[in-house]
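After this come two complexes, each holding subunit A, first together with subunit B and then together with subunit C.
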Partner chain A sequence: MEENEIRSKLRKFICTEIMNDAEYPLKYDEPLITSGLIDSFSLAQVGVFVEIEFQIYIPDPELTVDNMNTIDAMAARIKEKMG
Partner chain B sequence: MIQNPEEAVSLVEVVRFYADRIGNELAYMYLVDGEDQEAPLTFAELDRQSRAFAATLQQHTKPGDRALLLYPSGLEFIVAFFGCLYAGVVAVPTIVPHLKRATPRFRSMLSDADAVVACTQMELFDKLKLLFDEYPEFHELNWVVNEKVEPGIEKSWKEVENKADDLAFFQYTSGSTSTPKGVMITHLNLTETVRDLQRGSAFDDKSILASWLPIFHDLGLIFGLLMPVYLGRPSYFMAPIAFLERPYRWLKAISKHKATHSAAPNFAYDLCVQKVTNEEKETLDLGSLKIIGNAAEPVRFETMQMFSDAFKPCGFDFNLFAPAYGLAEATVKVSGKLCGQKISYCILDSDALAKHKLVFLPEESPKSFISVGCGWTSIGADIRIVNPQTKELCAQDEVGEIWVQSTSVAQGYWKRPEETEKTFQAFIAPTNDGPFMRTGDLGFIYNDQLHITGRIKDMVIIQGRNFYPQDIELTMEKCHDALRPSFGAAFAVESNQVDHLVVVHEVKREYRKSNDFEGIANAIRMAVAKNHGLRVQAVVLIMPSTIQKTTSGKIQRSATRESFLKGNLEVLYEWRAPGIF
Partner chain C sequence: MIQMTDLFSKLSITSNGFFVFVLLTLGIYYLVPKKAQNYVLLIASYLFCFTWDWTFATILFASSIVNYWVALKLDKAEDSAKTRWVWIGVAANLGVLLFYKYFDQTSVYFFKALLRIGLTNELLILDLLQPIGISFYTLQAISYLVDVYRKQIPANHSFVEVSLYLGYFPKLLAGPIERAQNFFKQLQADVEIGNDQLVESFIKIFVGLVRKLVISETIVRMIPLGVFAAPQKYSMPDLLFWWLTFAFVIYNDFAGYTSIARGVSGLFGIQLSPNFEQPFFSTSYIDFWNRWHISLSNWLRDYIYLPVSRAMLRRNPSGRYWPNLVIPPLVTMIVSGIWHGAAPHFILWGALNGLLQGYERVQKMFAKKTSIPLPRWRQISNIVVTLLILILINAPFKMDFTQTLAFWSGLFRWGIIQTLSIHQIIKPILAIGLSFFIDVMQLPAKDELGLLRLSKPAKVFLLTVGLLLLFLSTRQAAVAPFIYQEF
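Up next, the complex of A and B:
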C-alpha cells in the first residue's frame, strides 16, 4: 500500500470517527494532539484502527504523542511496520 | 492576620500571610510550552486576583455553594481555585469534558455535584459553548470566566471566615461511571495533608517544586500546587500533554529551575527511560533534587532501578525516590517514604502472596516478587491491616485491607450516606475501635513501612488511570448484538512489568456458529478504545453459559482471569496483541 493511501485512510477515520467533523480540511502535517484537535486518549482509537485496517500492531511504548502527532508521522510508522 | 502558617485554618490565611510578607516573590511559574515560555504569578498577585475572583463569585453564590472548575493547566485554574476558597465556595475541579460529544461520566458528575457556578477561561469557554445543547445543566449555571473578571472588583471582596470543618473542595476521582462519588474535603483535611506532605518530603523555605501532573488530580493539585504555597515557595508546572509529548521537558524543568521536589506515577519514569536520548541527558543536571515521589499507581522496584541507572550520569540517585501511597478519600496521602531515608523493600513468595500470606525470601527467584515500602504517615495517622471479611486485625504474616484513621480522612461522599457509611464508618472487631476509612487496598506493614499488594475491588489501574471493570463490560455488551449482556468480564493481566486489559465475553446462543467472530472482537476493541481511551490487548469470545459467576449471579472476574491464564476457557475465537502474552 502506498503511503498516500495510508494517509487518506487515516484522515478519513480521524475526521469522521474522532473529530466528528468529516468536512474538516485536516492537513497531513497538522499537529493533532498538541493543537488540541484530538485528545491523547484518542490515540487508543487510532491504534485499534491501524491494527484492524492495516493488520499491523503498534506497541504501547510507540503509541505516544511525539510519535503520532501528525498523519504524516503515523503513516511513516505504519509504512515501516508493513515492511 | 496569622503569624505563622502552622496556625492557619485555611490556605486563604496562608496566601494572605505571604502576600503581606513576601508579596513580590514567585508563587507559580506556568511553563506554557513546557519549555522556555513562562507565565509567572507572585504571592501579591495571587492574593489580588483571588480576591477579585472571589468577589465575582460572591455575586452569584453564598458560602457552601459549589463551583465547577473546568480548566486546562495554567494560572487561571489556580486563581479560580483560591478564588473559591476566598469566597467560602466549595471548589469542584474536574477533567475538561470531551469537546465533541457528551460523555456519561461527565453527565452524571454534573448532575451529582449540584453546582451553582461554573468557572473557566475564555479560550475553553468558547469551545464549551458548542456543548450547551449536549448538557442542559450548562444553561442553568452562572459562568465565571477569568478574563471577564472586572478590574478593581477585588475591593468589594467580603472576607469569609472559613472554619476547619467547612468544606473546601470535592474530588471526583473515584467510583464507576454510573455512580460518581464526590469526596468531600474540609479545610482541616487540606491543611493537615499539606503538612503531612511537607514534613514527609522535608519541603522547606529553600525548596522548589516542579510538576507536570494534571491539576484536577489529587496528587497534581495538592502536592504539585498547594504544598509549595504553604512554605511560601514556588511551583514550576507544565501541562501533562507537554510532558507526554516530550518527557525530557519535565527533567529539563527540574534541571533548569533547580527543583528540589517533584512526583509522578510509576509509568512516567518508564517513559523517561524510553524517551530521553543520550544527547538530552548531557544537558540535564538533576543534582538539585532532594526527593521525587512515586505514587498514584503501583510502585515497581525495577522501574526505579532502571531510571536510576539511566540518569545516574545526570546526578540522580536511587534513594531520591519516595514511594508513596494514598487515595482521594484520604485527601491524597496515607504514607510516603521520608526524605533522606533509604528505600525499603522485601522479597516475597508470589504463591503465598496470592493466598494473602507473607513468606519472605532471602533472594529473588522466578516465583518471587519485590515489594517496595511506601513509607509511613507524618501526621500520626492510625494505619491498620484488617481482615476485610471478619474485620479483625491481621497477624503480622498476613495481608489484609488497609484501614486509616486520620485528620486527613475526608468527610465522606457528597449526597451518598450509604456509601459513606460503608467506606468511612468501619469498626475493628471485636474491640469496636474506630471509625476507620476502608481504603479497598490490600497491604501489610513491614519494618515500619506500609506495603501495598493489590486491591479488593476489581479496579484496574493502567498508566496511572483507574478503570472500573463494570464500565468496560457495559461498553462491550452495548457494542454488538452478538454479545450476551452481563456475561462479560474485564480484568488486568501483567506482562513485562506492565498491566494490560484483557476481556472475555460470552456470545448469545444464536451467534455461536457465527462466521464473523473477528468482526465482533473488532467491535469490542474499537468501542473500548473510543469510550475509555484504552486498548484491549486480548479479546476472548466464549461459549454461552460458560463464564464463571457467583451463586448470586455476579461475574467472577478473578476466576475468569485465572481461566484465561491457564487456558481453561471454552474459546470460540481469540485475538491477542502480538508480543505481549
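Up next, the complex of A and C:
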C-alpha cells in the first residue's frame, strides 16, 4: 500500500470518527494533538483503526504525542511496520 | 554537635547528610573504572536504603532477585508459558505492595465490619512499616516485566543493572518512575560529564531546594492547624484560601523533590525523566494530567489506559459510543487513586478526576474543531477555570471522606473570617508569586533550566536572592517530609 493511500485513510478516519467533522480541511502535516484538534487519549482509537484497517499492531508505548502528532508521522510509522 | 549517626539517619534529599553522602559517592564514582561505577551506585543505593531501615533494603533486594529471575524466565519461555510467567511476576510485585501498603489500611475497614456484626472482638493491625519507595519501584518492576513479555526489550542479564533500575538512590524515595529501556541504556553508556552538565545539575538542585524549602515550607508553616482536619469549623473564605495555597504546597513539594533528584542524578551522568511541565498553566483537565506527575501518567497510559481503551474499541470501534470515551479514563484514574492509598477518599479522588476527563472527551467530541489558537483572554480564562475546578475537586487527595464533604459544604457557608489576617496571608501569597515566577521562567523550554537562559546580571541577581532565601529558610524549624514520599 502506498503512503498516500495510508494518509488518505487516516485523514478520513480522524475527521469523521475522532473529530466528528468530516468536512474539516485537515492537512497531512497539521499538528493534531499539540494544536488541540484531538486529545492524546484518542491515540487508542488510531491504534485500533490501524489494527483493523492495515493489519498492523502499534505497541502502546509507541502511541505517543511525539510519534503520532501528524498524519505524516502516523503514515510513516505504519509504512515502517509494514516493512 | 551533630553526631555521625544523626547525620546519616533516614537520609532525606534535603538533609545535610544527604549532600555529604552524595559528595562521598561522587568522589568514589569518578575514581573507579567504568565497569565498577554501577557497583558503586548500587552499594550507595543500599546504604541509602539502610539509613531508613534494614528491612527496607532486604525487601528491595528480594524484589530485585525476583524481577531479575522472572524476566530471564520470560525471555526464554515458549510463547504459551510467557503469559503464566508475566502474571506470576506481576502478582509477586503487587502481592508485596498490597501487603505492606494496604494490609493495615484495609484491614481496619474489614475488622470494623466484623466487629459490628459481632464476629470478632478485636482489630488485627500489624503496624507494618511501608518500605520507602515501594509504590514507585513496584510500578517500575511491573513495566519491566510487561515490556519483556511484549518483546519490546530483552531481559537484562546484569543483576546489578536490574537492581539499580529498581533501587537507584536519587529516585528511590518518590521517583520519577523510569522505563527500563531508557535507564539500562544510560547505565551501559560511558559517563562523560562536562561543565554544562554540572551547571545544569546544580541549577536543578538549586531550583528544587527553592521550591521545597522556600515555597512549600513557607506556606505549610502558615496553614492553620485543623483547617483541613476540621473544615466544618471554618467558613468559605478561610477554606478556599488555605486550600488554594495547599495546592501550591503539593506542587512545589513534589516538583522540588523531582528537580533535586534529577539534578543529583545528573551529577552521575544519568538523566531522570521530568515529572512536571508547568501544570498550573494547563488549559484543560486532560492537558493537566499530561503535565502533572508525568512519569506516573505515562505509566498509567501505557499499562492501564491504552490496554483498557483498545480492548473496548475492538468490541465497538465507534468513537461516539460514550463508554469508549468515559470508562478508560475513569478506570485509569481509579487505579491512580488506589495507587496513592487504599482509603475510600483516594478512590473518590480518582473517580472524580476520571469523570472530569471523560466529560471533557464527550464535550470535545461535539465541539467545533479548529487548530487556530484561542484568543489570549480565552486561554487565560481556560487556565483559571481549569485550575480552580481541579483544585476544588481534589479535596479528597488530602482530606478523608467526611472531611471532604465538610469542606465542600463549607464552601457555601459564609461566616466569621478567622485566619486571614494580613500577617497570616502575606507570606503564602509571596510564596505563590515566587512559584508562578519560576513557572513563567521555565515555560519557554518546559524544564528547570529557565534561569540559565536569562542575561548574566539577571542570573546573578536571582541566584543571590535564591541563596539568601534558602539560607533564611534553613534557619527555621525542621523540614516536613516530602508528601509523595508517604505514598
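Convention: the second predicted complex is superposed on the first by the 83 of 83 C-alpha atoms of A that agree within 3 Å, B and C clash if a C-alpha of one lies under 4 Å from a C-alpha of the other, contacts with A are read in each partner's own complex, and residues count from 1 in each chain.
The rule is simple: a residue touches a chain if its C-beta (ideal position, glycine included) is under 8 Å from a C-beta of that chain, and two chains touch if they have at least 3 such contacts.
Because the structure is a prediction, the values reported are computed rather than measured.
Once chain A of one complex is fitted onto chain A of the other, the partner contacts of A:Y24 are limited to subunit C, with no touch recorded for subunit B. Once the two complexes are overlaid on the shared chain, A:F49 sits against subunit B and subunit C alike.
Shared-chain residue A:D66: touches subunit B; no touch with subunit C. With both structures placed on the common chain, the touch criterion links A:S35 to subunit C but leaves subunit B unconnected. Shared contact residues on subunit A (touching subunit B in one structure, subunit C in the other): 17-21, 39-45, 47-49, 51-52, 59-61, 63.
Listed in rising order, the residues of subunit A touching subunit B in the complex are 17-21, 33-34, 39-45, 47-49, 51-52, 57, 59-61, 63-66, 69. Touching subunit A in their complex are the following residues of subunit C: 147, 150, 152, 179, 283-284, 286, 290, 301-303, 305-307, 309-310, 313-314, 317-320, 324-325, 328-329, 357, 360-361, 364-366, 368-371. Put simply, subunit A touches subunit C in their complex at residues 17-21, 24, 30-31, 35-37, 39-45, 47-49, 51-52, 59-61, 63. Those residues of subunit B whose C-beta lies close enough to touch subunit A in the complex are 98, 100-101, 241, 244-246, 271, 274-275, 498, 522, 525-526, 528-530, 532-535, 577-580.
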